[in-house]
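Two complexes, one shared chain (subunit A), two partners (subunit B, subunit C).
So, the complex of A and B:
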């Protein structure tokens, strides 16, 4: 009973943080921007879904899409404020990181000013039912989280492989200079990337609100986890991020079960440090030679 | 005969370095022009300046009657995609390719106007007719191809859309002579109709008798102009 419960929790956690990590990874490899603004996008999308639920409709699908849409809008805000003005200036990587961190902090404070510190709840989007898998009872919200994030990830991967915009994004991931030669605009591609990754963060926010709550600072932990997963998986690699998300999800679940919740960050960072010492470019960063400039 | 490219007083360079000195160049439609010169005399920089990829530049560049040159001091590549969309196909020197994409995706990425994207199947067929060896490599990542095959991919990519001006930068560079010759032959067999082609090359023999005229390039200036038949008059 215990072990299977841990497994379920690990998978749920891995799904939510994995979404953020894949978003960070894609942004970095295609735009060269380490976007720390997802902390803000995350809370922003959570409040977007909350407001929609209070004011317009509480239909689960509409609330979730409202969260995804506000997430995409949040991504576009970061694109307009940071990527467009900074992307061709010297030291873009460092500047972009600082600017997005600033947006994350300022944005969270603005949300705090407007909505106050009291946590908000979203309705149960997936209803109340349970499934018995062997000897463990899985509640509806967990199944919903796993299914939704896998569907979102599949849609993103499929879109990146199949569509013309996806082809442009992948081309820019591999060789930004050659991409401009074949007529791919850095700025317009930036908009697509930021909207898409923002939508991913938005979905993650809606999903996390099913187990936790929505607050102005609820995006900070997913951001930290997302960045560490993206680093561990090798920045720029989607499959690496997925593998790393599963590994860190299991460490988190195992640690909180056997050592206690307060040790979660410690074991996670120890694990990340160990893996990065052995593989400095992350789990699947070896074959990924993109962005070596 | 319409003017495809009209360059006036073009200077360009990188940082404090000035590579091109007040160039003038006119290319008419249907023309195939060779630019011959040694390494480091500005052939690639001329192409980059036309595409807006140099560090800075000034002077007028008219592509098919539209001004694409501007006085710029920074931000190379910022307007390149717009210039390219106005009808410029660049077949860059060396490996400006996307290692992880397959040959097919590569050719698709060259079809960036919506009109050429819709007709990309026929266009790919046309490119494959020219570069027959690529046909069985369509699903292979480009990073695994040989040098000659990569060059075919990068030239084929340039042919995927209807450009006004094709810029081929040293298509035979670094290839075995036989393969270089076949790549060059393929390039010369492309029907230009109302577009034009500019080929940079170090090896005059490859261009001789095959292009409409040859221009020499020396120390950032265009020197002497000759029809390909009379190599003696080249001021190299």
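So, the complex of A and C:
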């Protein structure tokens, strides 16, 4: 296989998983919730886009927005069912994590009961064209995926930097207790964060459906990849997640080029474990300023 | 007393005035004293809701042999008792009695004996389903008991337990199929594999924080799944490895085979419970109870090497998980890929979360619930997993420590509510509350407080400008009934904090002081104000006492 082809694939996949990773990272650092329900949000958003495509319209922008919106709704469901009732209870972190896993179990089963196990696919959102970069041919869906995820990430980062809500979220990241003292509502911030991160997972679902299919359990792999990237980058750090996504993407590309496809996860995890043993809070996670909860 | 009555122009005349008594007013405007019985009647009147008072009797008290109340059974040859029994004497009858403080061993014995004889009661129509489900229950309960050792006792949040079991099962199946190893080697080899895997997985646990580690182990589980499902040697084409050696011989009748398949995992469960008992209930467990999460630094300062204890438990449990993996391979004569799926980890976590993480009984009960839903009610279809998820969500949202934490959580909630009710009903200086009363040993004190409260309520009604004016005019001598009642009460006050006068010179000035109530402790000065004459000072003390009475 051609190395440049693999590299392009790695970048594309890293972009999608990076979105999920940034979502996990932001949720953890601002709400203190390890949300393992993104697998469900992912499938939920995929099915939302699929239903929109079947029932309403197949305009690419509308389908993608439907996916993003259902993702946000999925995030809000998790917020309502897990974050709101649990955030002030003892043992919140463990119980929150288990509760999101329960949501993931319930949600996947509900999707399985309603849509059946057969995978569904979305229309090609980015058309059929290709670009030659030197001697590499890049197809439209790959360019579309990369551009879309970078745009989404940029929008999120600018929103977090420039808006009042973003300021609230960043305050929660720095010190949730102090933030609540100065009048930042923990619950309302929870709604913004979960809707925003859900929307990111929704976009990731729509983008991944350009390459793979939508199924009730298709969210598990992106979730685990996202978790690994978020871990490696340092929970709570957007830059870290981006760097980690690139590193893991390249590891994947190089491993499948030189060792073979089945060793990809092994090299990735060896890399993650090595980096985590050296820096226990990930690449750009701060050692002493981790969220204590 | 109404305002009209209070303002009535009642004039008290000193009965001693006829004899020209010294001291005291001859006559003074005062008030009519209300009947002291009225306050008693008011207090006795039924006007508040009645509350149930006292403590529930939680323990059955057994009668003991009077001659040898301290004689107990012991596990031979140790000095340990099978049951934690406390001998005591009945306070009323003075008979020797005994109280079983920890009844869990009895419940465990009942449940385990029930599981052992359960196949006798299985209905014929469901016999095979129930025997198969019982086998699954035994294996998964054993896995969860070991897992709960890692999660609860060692507080290492590892989600890779099923990866250890699965890897051991796959490797031992591979050895059994390709090299013809007989079944009785498989658990032993699994044990060694579990130790090795445990060692590899434990390395990051020392450096990483709890949740980083949890996410990492989730990834490790996925790694094992992908490795084994894509590897041709481990049966990627056939969905698993089957056809290895098993302890269930083909030469037995089907009935005996299914019974053997039921009792094998049952023995495995017993072994894992024994392991739990010997780790969590002994030295290692005690060390780690001393070092719960976030208090490690304190434990370390006390000389507890908690890291070593955690890693030891992790290694031993991983070894046990490997052993279970080997047993799994020997039980099913192979293993499928389903052991690695995310759903298996989820169901396992559901089992622990339902019963309560960190308790053997929680792990076993959770497994029972989930396996019953998953395998016995199979005709319900996909709604089963939906229900498991719903139960798990319910347990996590509403129960702090799973099913077996309900009692503790309920008691805490009840105490909180009790405190709220108590504070809503308590008055400053009021009588003893019913709940409090059960905890006061000297019942006379309760009656005294109650009577005192009534008396103060009554006396408060006597304080009025006329009475104060009467006292100001003549602090000493005969007084009207109202003032006399007040003064009698004030004189009877206990010595601690009782007011007194301090004379600075031979003719004053006077200052108000209060006794400390303890021998050798100087009285304290109550206020800086100085009174020129002793009468003024008496009145000052009276006013302070009236003030204290009205405040109480």
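Please note the rule applied: the second predicted complex is superposed on the first by the 287 of 293 C-alpha atoms of A that agree within 3 Å, B and C clash if a C-alpha of one lies under 4 Å from a C-alpha of the other, contacts with A are read in each partner's own complex, and residues count from 1 in each chain.
Here, contacts are C-beta pairs under 8 Å (C-beta built on N, C-alpha and C of every residue); 3 or more make two chains touch, one makes a residue touch a chain.
Everything quoted here is computed from the prediction, not taken from an experiment.
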Which superposed partner A:79 touches (first subunit B, second subunit C, both, neither): neither
Partner chain(s) touched by A:243 [first = subunit B, second = subunit C, both, neither]: neither
Partner chain(s) touched by A:199 [first = subunit B, second = subunit C, both, neither]: neither
Subunit C versus subunit B, contacts on subunit A by residue: C
Partner chain in contact with A:45 - subunit B first, subunit C second, else both or neither: neither
Which of subunit B and subunit C A:88 touches, first, second, both or neither: first
Contacts of A:207 with subunit B and subunit C, given as first, second, both or neither: neither
Shared subunit A surface residues [contacts with subunit B and with subunit C]: 290
Complex contacts: residues of subunit A adjacent to subunit B: 88, 164, 167-168, 170-171, 174-175, 177-186, 289-290
In the complex, subunit A residues that touch subunit C: 34, 36, 39, 81-82, 85-86, 89-91, 93-95, 97-99, 101-106, 109-110, 112-113, 217, 220-221, 224, 227-228, 230-231, 235, 261-262, 265-266, 269, 272-273, 276-277, 280-282, 290
In the complex with subunit A, residue positions of subunit B that touch it: 51, 53, 74-75, 77-78, 80-82, 84-85, 90, 92, 96-101, 105, 108-110, 112-113, 117, 157, 161
In the complex, subunit C residues that touch subunit A: 157, 203-204, 207-209, 211-212, 214-216, 218-220, 222-223, 226-227, 230-231, 342-343, 346-347, 349-350, 353, 357, 381-383, 385-386, 388-390, 392-393, 396-397, 400
